Structures are given as C-alpha cells and as structure tokens.
C-alpha cells in the first residue's frame, strides 16, 4: 500500500498561510502538517521527524514546503534544512516564501514567450528585493543582459556579484533608478522591463514607458494600486498598450498558480529535490 | 475531479477547539485547517488565502468556521471576514463561538415544538449574555413577545434596541430579575422561560417556577450544577415536571449537535452564505 | 458509515512533533489534530472535545496521543486526562513523550529474546532518567533482579520505592556508578546491562564491559556519539562483540517503530485503553 503524501508546511509567520495550504491540498497532498513561527534555530527536530520515519523507498512520499512572508527567513530555513540532511536521509523541499520563486518564474516565463533572451536587454526595477533578485537571476540564467535597477546605486552594485556567483557568465550592470530620467536611460535600450518593487509604489511613469523606442514587454508584479508601472492594469495578460505587451500581477497569477501546483506534485517524484527559483522556471517551461 | 472540502477553523482561543474539529470531520470536511489565537486585526491574509486559491466554481468547496470561547471576539472576526470579501470573491462562513448560535437555535426549536409563538410570551433569564441575546432575537423573530430579563434593568434596557434593530417589529420589554419576586412577576403571564445565565448560577427557584399558572415550557441552558432552573435535570428532554415541559442543557444537546453538523454541510452548497443564529434556526427546522 | 479515525496529538513542546505525526498517519490515522504547547492546566477542554462529540459506540474512533520532549510534562498530562474521563465518557490514550515508552519497551523486548528474566540480574545505567526508570520497571515486572544504577546513590535509592510501588515483588537494589570500579562491580554478576543515560555521555568503558565474565547482553539507548557503552555501534542489532550480544539505539529502532505503530492501531480497538510502558511491552511481544 502506498504511503499517504505528507507535506510539512514550515511557515515563519505567526499563522500558517492558508493560501499555501489550499494549493498543497489541490496539488494532491493527503496529509498536511502545518507549522507556524518556525525558525532556522529550531527546525532541526522537525526535519529529523521527516527523514527518520519512513524507509528509503518511501521517503519520496514526504516533503517540505517553506513559506511565510519573510523571504530572508525562508532562505535561512532552507539552508538549515539542507544542512540537516545527510546521505540518503533527505526529503524533497520547495521554498516559496512570499511566493517569491513562483512569481519570479512566472514573470520570466512570460518574458521568454515574447523575446529571444540571448538578444535581449532587460531592466529590472526594484531588483534588490527578494522577487527582483530572483527575476534578475532567472533572466541572466536564460542569457539576457540584465540591468539591475535600484533607487540606490550601492544596493544595485551589491546585488550584482551575488547573482553572478549563482549564474556564471551573467551579463549584469547596476543601474540607478532614482529619477524618471534614470529610468528612461535604462529603458532607451531595453526590450523588457520588469517592475518588482514594494506594493503601492510606482516605479515607472507612463510617459517614460511610452517614450522607449525599444521596449516590447512590460511586466508589473505589484497588485496593489498604485501599480508599479503606470498605465497598466493588474489583470493585463499580454495586453497590447502603446505597442508594448503588458502583464500585471493578476495576469501572471494563473501561470504562477500552475507552477506552484506542479512544483508541489514534483516534490513527490523523488526524495532529493530542492525546488528554488531556477527549478520552478524549468517546471514552468514544461507546462 | 471534485476539490476536497476544506474548512478553515478560525479559533480565538490559544488552542483550537477539539469539539469543533471533530464535528467538522464528522460532517464530511476532508481537510481541516486549524488556526488558534486568531484576531480580527490579522485575519485578512487568512481570508485572502481562502478566496484567491480556487476558481469561482470551486470556491464553494472552501469554507470558514469561527469558534472559540469568546463570543464577542468571534463576532468581531465575522465582521472583518465579511469586509474582506468582495464581489464573487467570497466563501461561506459559519459563526458559532462558544456554541452560542447552535445552542440558541436548539433552545428556540424546542420552544417552537410546543407553543405557537404568535400567541406566546416568553421570559429569557440571563438575556444580556451572548446566548441569551440570541435566544431573544430568535424568539422575537418567530413572533413571540419577549421579556428581556437581567438582574440589572439598565442592561436589559440596553439589549432591547440592539435586538429591535436586527428584528423589525420585535415585541420586547426589559424586565429586572434581581429578586425571586421579580422573576415571579415575569413568569405570572409567560408561557415560556429560557434560562441562559452563566454556568453554576441558579436564576429561577423551584417554587417560583411552580407558582406560575401560565408556564408550559421551561428550558435551562446551563449544564454545570447548580442548574439555572432549580428542580430540572440537565438531561431533561420534554420531561413533565409540575405540568411543565422541561429541557436541560444535555437534553437539547442532541438537537444542537444536529444543527451544528447540518450547518457545516450547508456551508459547502454555495460560496456566499453567512450562517449566524437565524440561519441555524432555519436549518434546525428542516431536520 | 464508519467515522474517520481521529488522533488528537497533544504535544508539550512549542512545535508538535513531526516524527509522531508521520508515524500516526502511517499507522492509519485519518484525521490528525495537532496541538503544541499543551499544559496539564489547560488540557481539560481538549479532552471534553474528544469525549462529548461522538456516540458511545463511536468513541473508539477517537484517541489521544501524548508527546513532546519533556517526559515529566507528558506524565502530568496523562494524569489530568485520566481525571477528566468519567464513566463511559473516555477515549483511549497513548503516552510516549520523548519516545520513552516505546524505547524502553523495545530495549526490554531485546533483552527477553536472549535471557530468561527469572534467572537474570540486569544493571541499568542512567536508571533514574525517564527511559531508565521505565527499563527498570519493565525488567522488574518481567521477573529480573535489577540494579538501579546512578552516579548518585541517593537518586538510585529514591527510584527504587517508586518502581516497587508500580511493580509488586520487584527485586531492586540501588547501585552507585560514579567510577569505572563501581560499574565493574555491578557487572561482575550481571547478565544484562542497559545504558539509558543522556545523549553523548559514556557510562560504560569498553574494558569494564569486556572484563565482566557474566555479561551476555549489552544495550545502549544513546544514538549520539560518544555512545553510552564504549565499543558498540549505534546500528548494532544482536551483534556479537567480545562474546556479548550488543544492541545500539538504531539497532532497536526498527522494533521501537513497530511498537509505536502497533500501539497507535491498538488505540482504535476500544475507547478505554491507557497505553503506557507495560502495555507497549505487551504489544511488542505480539509482533
């Protein structure tokens, strides 16, 4: 008899995410163990409980999901969880704190539908935040030249070597985006722009966007008005605006959800997977 | 394939109620997401998780249950949850903090078995508490004239307009019940008395009850001795005592449980229901 | 229709044990209600929720598991839970805080495979801890003479009357084990030694073990190096070393797990069982 599929939901927030739980159940999880307030310091025993309870052939029916609104805390959990594994004593893990990985993967998947990355320059606005950094990583990994935009040039400069270490050969350049003129300069030779700033902050005025003669694809990941790219609608999904293909946060939501569910299902195919941004983009490509 | 029935149990106590969880499972809930320590301030993200994860046609397979020992806290949750819904983005909700709604509905259902409410005057003792107020509301809504009894007349007077606002045309009168003589006066022209006071407080002495020449039905909702109505037994269920039909807390327990389970099942019939006291009484009538 | 099998997992730690949860699910539990931070003072309402929700014939489909790393806290929970039951209003309970009962039962089961307890003297090292005391109880209950070993003689002396009260006719003697010579003296006439000390503390040097001319069976319950018995391997399972049959913590792990799962299954056979160390040893004998 096959063992029930168990997902151990490790959430760093005070309440476990209902969103992540519903998606898990709808992706076929049979028993969901929900934990909130999880810290890297205290995660070891929870991981032991995952790896010491089923035989080697059955470990693939147990998996771990890392969630919560704090992406850095989720990353710290992932590091500690991987450290706790040894030899074949491991289970598959998916990290999607704040939806950062599924969101970044869905955004980049939308980009790849419309341009050849090897011939593309992309500007990422709000590139130093958790979603922004992942978008940079995935675009660079696909071969695009990426402008790492931040209102503070020192932050943009800090992110470049971090991404370069993860993506050998990445074509990256830091770019200050403190003023509309700064943004206009970046867009003047970009085919793609992705806005990954905080909710409710407009990073790209409409007239700057329209003024770009090279821009083909504009993606905004902010669902809370005012949007990150002025003139878009959160529901935009390859919507033509001023000769540009536009996507809003809700417009990439369906793809994000598909990636999320497919990733959960993938967890139960073997016991040795770590699903981070790159793996979720690959999963997205197969959908 | 039908989506599993998910119930999101939002409990305001430090531990989620086992009682509510068992009833949910026995009413057919397949996946129970249990939350404790839930506050109105922090409930929004949990509701978003409920409404943003399934398609419009599938939202009826997700529902919310509000529980916990603090009825006021549960009511505050319900207000906030309803505020978070918008348009078709909603799921059905049942509020039964401290069992107040199912208890009140079961009590009034017992009353309605024996009298014609339009021709009935009912006295509710302990009418200012959460269960008492609900009993007043349901009796008034059924057409009975209701005496709102409280040891403090100012409290009784405060409750009347609150209930009147919810039940247009309600026939209500505040009634002080500080002494046995006060209670005797109320009962001298009442056909029904319901005691909804705190556990272990006797609100109606046996001789006062026996002295009433009009009383047909006496219902006590207190299961902890001493009972709220002297001379009754908590297990009384339409038990004849001194020519009166008597019910104790355990005696209405079976009906309460049936209403509770039926209400849980009802939640999954559509995504737009709010099951409060009135809805539970209606559900009770169909059993 | 049969009611789903519900296990109420009451854990005294801040996070509920994943280990206990996986084992529960793999033993056939259909709905697992996980509670953490449970205290004896607040457990009553959780127990009421277990016993007041299903009919007498169905109560056997609900059960309680007590876990967490603090054995004393788990014992206090068990006392309070049993106090809350009355008449037929009860569900079966298994207590296995820190795995103490399943570990002790598995260790003693290994002993009984190789010796006739009525003709055996056994030394328990670290006998005053929660696992050690249980090993003493089970060995004494099986008829063996038991040396209750502790680095402090006063503690050893305190444990003897506690065990004797639980096991009438128990043959017990306190034994100081402060120095290797003390241990050597105990082992000089023992056929069995069980080391139940804290993780990472060596209680029995290799040369003392080898010097015993009577020792047949050596069991170490410590999985963290350095082991409690020098020269053993945590994976030893009836492994011959120096003419002695040796077991390590992992070596008895498979039996411990079988007892744990069988005990969970046993819970759902009736509603009146209390599964503590003795019951788990009996369950182990049937496997």
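In this document, chain identifiers A, B and C correspond to the written order of the chains, with residue numbering beginning at 1 in each.
Throughout what follows, contacts are C-beta pairs under 8 Å (C-beta built on N, C-alpha and C of every residue); 3 or more make two chains touch, one makes a residue touch a chain.
These numbers were taken from a predicted model, which means no experiment stands behind them.
J.: Rounded to a multiple of 5, how large is the rotation, in degrees, that superposes the C-alpha trace of chain B on chain C?
T.: Rounded to the nearest 5 degrees, it is 120.
J.: List the interface residue numbers of chain A and of chain B, divide the shared ones by all numbers used, and answer same when the ratio is over half, different when under half.
T.: different
J.: Could you work out how far the Cα centre of chain A sits from that of chain B, in whole Å?
T.: It comes to 46 Å between the two C-alpha centres.
J.: Mind pulling the chain C residues that touch 2 or more other chains?
T.: Expected reply: 34.
J.: Contact residues on chain C for chain B in the complex?
T.: Those in contact with chain B are residues 3-4, 6, 8, 31, 33-35, 37-38, 42, 45-50, 52-54, 62.
J.: Help me check something: in the complex, which residues belonging to chain C touch chain A?
T.: Against chain A, the touching part of chain C is residues 14-23, 25-26, 32, 34, 257.
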